[in-house]
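Below you'll find the structures, each written out as structure tokens.
First subunit A sits with subunit B, and in the next complex the same chain sits with subunit C.
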Partner chain A sequence: MVYLRLFWIFLRVSVISEFQYRVNFFVQLFQSALALGTGLVAMSLVFSYTQNLAGWTQPELLAVMGVHIIVGGLIKTVIQPNMNRLIEDIQEGTLDFALTKPADAQAIISVREFRIWQLIDLVLGSVVLGYAISQLSTSLGWLSALAFAAAVLLGGLMIYSVWLMLSVGAFWIIRADNFLEIFDSLYQAGRWPVSIYPGWLKHTLTFVLPIAFAVTLPAETLARQLNGQNLLFALGLTVLLLVVSRLFWRFGLRHYTGASA
Partner chain B sequence: MKQHLDLYLTLLKTSIISQFQYRVAHLFWLLAMMVEPVVYLVVWGTIATSQGGNVAGYTAGTFAAYYITWTLVRQMNIALTPYAFENRIRKGRLSNELMRPIHPIHFDMSYFMSLKVVTIVLWLPIAGLLWWVFQPVFTFTAWWQIPAFILALLGGFVTRFLCLWALGLVTFWVTKVSAVFELYFTIELLLSGRLVPLAIMPAWVRDISQWLPFQWTFGFPIDVAVGTLTGPQVAWGLAMQAVWMLIAGGILALVWPHAVRRYSAVGA
Partner chain C sequence: MSQTIKVDTLIKTFQVPEREAGLKAAVGSLFKRKYREVEAVKKISFGIDAGEIVGFLGPNGAGKTTTLKMLAGLLFPTSGQIDVLGYEPQRREKELLRQITIVMGQRNQLMWDIPALDSFELQRAIYQIPEGEFRRMRDELIDLLNMGDLVKKPVRNLSLGERMKAEFISALLHRPKVLFLDEPTIGLDVTAQRLIREFVAAYNQRYQASVMLTSHYMADVQALCKRVIVIHHGQLLYDGGLAGLVEKFAAYKTIGVTLNDPDLDLSEYGEIISNSKGQVNLRVPKSATAQITTRLLNEVAISDLTIEDPAIDSIIEQVFQQEAQVV
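What follows is the complex of A and B.
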């Protein structure tokens, strides 16, 4: 309960401070629209030459793109800003301020920042996804909608865990930002279903950086069919990653000496 | 002239040495940049295979050749982004550079040239790996293809460098410029041959991009290497590079004195 209130307070503070920069809303809108436009151009080029891409039809691929934008928006709203701040704090020794607070340190460092203007991607992605679903012949039950929400949540938690582990690397390697560069570009590969990639890339996108679970699986749940087995597997992997990242965080903390110490 | 040559040699030497200190960071960065072309390559290779082996004249093998050369051209193409001007002007760093008796563009140029030396060394093993995985098919028709490719590669870099430097000067007049640059880079992505070879694009897009600088700095050197161009087409491309160098260089020479005056007027 305390943590829920903490979350709420951090969220409010971020929203208030972001509202000071309302121009950023338009800057973000412009950027998101350009990115969406480029994605649509690429897709229309693909479908001017073929009817399906490795078994995926156009509405199905649009659904993948919609989910990719939605999840990307979530990452940029919550996960990325918090992890960037964590790395910065470790580099500069200001993590002390978070550690000395009378609450769980991992909870605090995970919810300190919210970039609310990035939520524009959530809206744009939902529009794309909604349009894609309307083009599909399958009808959507509440069960698949629920499964979709669960799949996005699980995928988000997995990405959070992996990102946390990479950021914790900053306790040893100060220049951890370079790893994150790779994450960013690998995430772009999630715009297409991971099944089209050759084995080595597919496995990287499934088990090293779980983009397959965060983007392709939710899209599949909606656009193709609900696969209970995959969802259960995702649940298991999420729990595992959360536990491992928690342990790794505690292990990393023991190597943190602080700036003043 | 000799004075400039000496300057370049000295700057190149010191810059290369200092860049090699960050080789691991460079390598990570380079690896991150490989994802984009690999994604394009997989998508278009898949389509080519499913369409009976050929899309607009490209097979899976020529797509591989295109996008592997892409990785080199992309590295060679890296130039000062116009965003850097925002930093220089807002933080007043330009003041130091203006104190020197040589135009600041030469310092940028030699810095980016030194970067190429470092990245080519790191790029070679990665390119070998991509070659082995994707089995590219190059068409080698004439001896001049190799010198023409090197020339086109260098020309592409200088052209893009000058265009971006000229664009960066907008910052002296407008403070919120990121939208302009963002738009420029999106157009470049679509019309340069970075997203797809221009042969894939509809005819009207190709007609437009003929008259813009983008394709001459990116798709053109790649096409020379892959071997899809005839002799006259290569000559035409090199001429277009020269034209755009002159245009961008001319704008630079004309606008720069005004921009500098503007800078001192803003204060700092």
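What follows is the complex of A and C.
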């Protein structure tokens, strides 16, 4: 309850400060539209040569793209800004403030920042996804919708855990920013279903950076068939990653010395 | 009076990577790093009472911040005991964190783009302060610091002094019993410094809070602290009254004389620090003060004579120039 309240107040404060930079809204709109446009062009190029890609039809791939944009938007709204702030705080020693608060420090550092303009991607992605679904032959029940929401949530939590572990690396290696760029470029690979990639990359995208779970799986639950087994597996992996990342965070804290000690 | 902070034979060693200069060494260190142990804090013990303001002095790198961070639970001690309000800080228990605060002059926690007033709400949520209590405390602090409507302006539009005042409000909303202030007046102008000082004194009086203050401005220390703890090279050099520090470490005194004959040369009596129109300041060894004063009075025509301790700044400087010796 306390943490829900905290989440709400941080969100409120972020909205207040984001509204001071309204120009960002338009910049973001332009950027998102551009990204969507190039994505669509690339996809139509592929389908001018073939009718399916490793077993995926065009509407199915469009659904994957929609989910990719939605999840990417969520990452850029919450996960990325908070993790960047964490690394910054570790570098500058301002993490001290978060650590001397009578609340769970991990909870605080995870919900301090919100980039609300990035939510444009959420809208855009939903439009793409909606169109893709309308092109599919299957009809959607509330069960698949629910499964989809669960899959996105689990995927988001997995990405959060992995990202947290990478950021905690900043306790030892002060310049952890570089890791995050690797993450970003790998996330771009998630625009296509993970199953089209060669084995090593597929496994990396599934287990090391769980993009398969964050993007491909939710899209699959909507565009193809709800696969309960996969969803259950995702749940297990999420719990595991949350626990491991928490342990790693606490381990990292013991090594925190703060800048200019 | 009860002790709020107890520190017993505290030691902190850091492992620092050792690297020689040059490209070859840099590449080598990618694979195999050599570590060197640095003792930042070496067996420090002291206690602080409720309601006491203690100046924590030492040159850069003496171990002040390391000690403060251990007291605030940010660093794990290598060995030794710390007790703050009955808790071990490194366990970071909520009950303790609710009663302490940390203010750092060089680092801010208020959000840059929004008014301080909105950031205060965050503090209220984090510390779970009841609404009524929160308002009372907030308004009291705003009043004490003369902030008025400034708390409604975005923090980035405030002056450095105003920002620091807002930081103080934010850090004290939960009415902490122990305050760790790390260079709280750094970079501020004289007026703002004085205001902050008066505020800290007022808060300490009103709530009987313990305050540990590090500052490079001796004016802060002189105005606020009856007691100082001096550390150097991680060791405790002195713990006691500010007056005692002067007594113990000042090797010189300053004799000021007003001469009847402005042209008289007094250099045989001591080192002349200043001389303007017969107003001469002499620096003399402390032990010889009485003897030199007698000689001056007997041998020179003088209309006035004063004996003063040197300024605290210069004493501190002198202390730090000495190698560390345990007292």
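Throughout what follows, the second predicted complex is superposed on the first by the 258 of 261 C-alpha atoms of A that agree within 3 Å, B and C clash if a C-alpha of one lies under 4 Å from a C-alpha of the other, contacts with A are read in each partner's own complex, and residues count from 1 in each chain.
In the analysis below, contacts are C-beta pairs under 8 Å (C-beta built on N, C-alpha and C of every residue); 3 or more make two chains touch, one makes a residue touch a chain.
Source: prediction; values computed, not measured.
Of the two partner chains, subunit C is the only one that A:P102 touches; subunit B does not reach it. In the superposition on chain A, contact of A:T138 is made with neither subunit B nor subunit C. Of the two partner chains placed by the overlay, neither subunit B nor subunit C lies in contact with A:Q225. When the two structures are aligned on the shared chain, A:V13 is found in touch with subunit C, with no touch to subunit B. In the superposition on chain A, contact of A:V46 is made with subunit B only, not with subunit C.
Shared-chain residue A:T94: touches subunit C; no touch with subunit B.
Partner subunit B is touched in their complex by these residues of subunit A: 23, 27, 30-31, 34, 37-38, 41-42, 45-46, 48-50, 52-54, 175, 178-179, 181-182, 184-186, 188-189, 191-192, 196-198, 201.
Those residues of subunit A whose C-beta lies close enough to touch subunit C in the complex are 2, 5-6, 9-10, 13, 16-17, 20-21, 92-94, 96-97, 99-103, 105, 108, 254, 256-258, 260-261. Interface residues of subunit C facing subunit A in the complex, by the touch rule stated above, are 14, 40, 65-66, 69, 72-76, 92, 94-95, 97-98, 100-102, 104, 107-109, 111-114, 118-119, 121-122, 125-128, 154. Chain contact summary for the complex, subunit B toward subunit A: residues 24-25, 28-29, 31-33, 35-36, 38-39, 42-43, 46-47, 50-51, 55-56, 133, 176, 178-179, 182-183, 186, 189-190, 195-196, 200-202.
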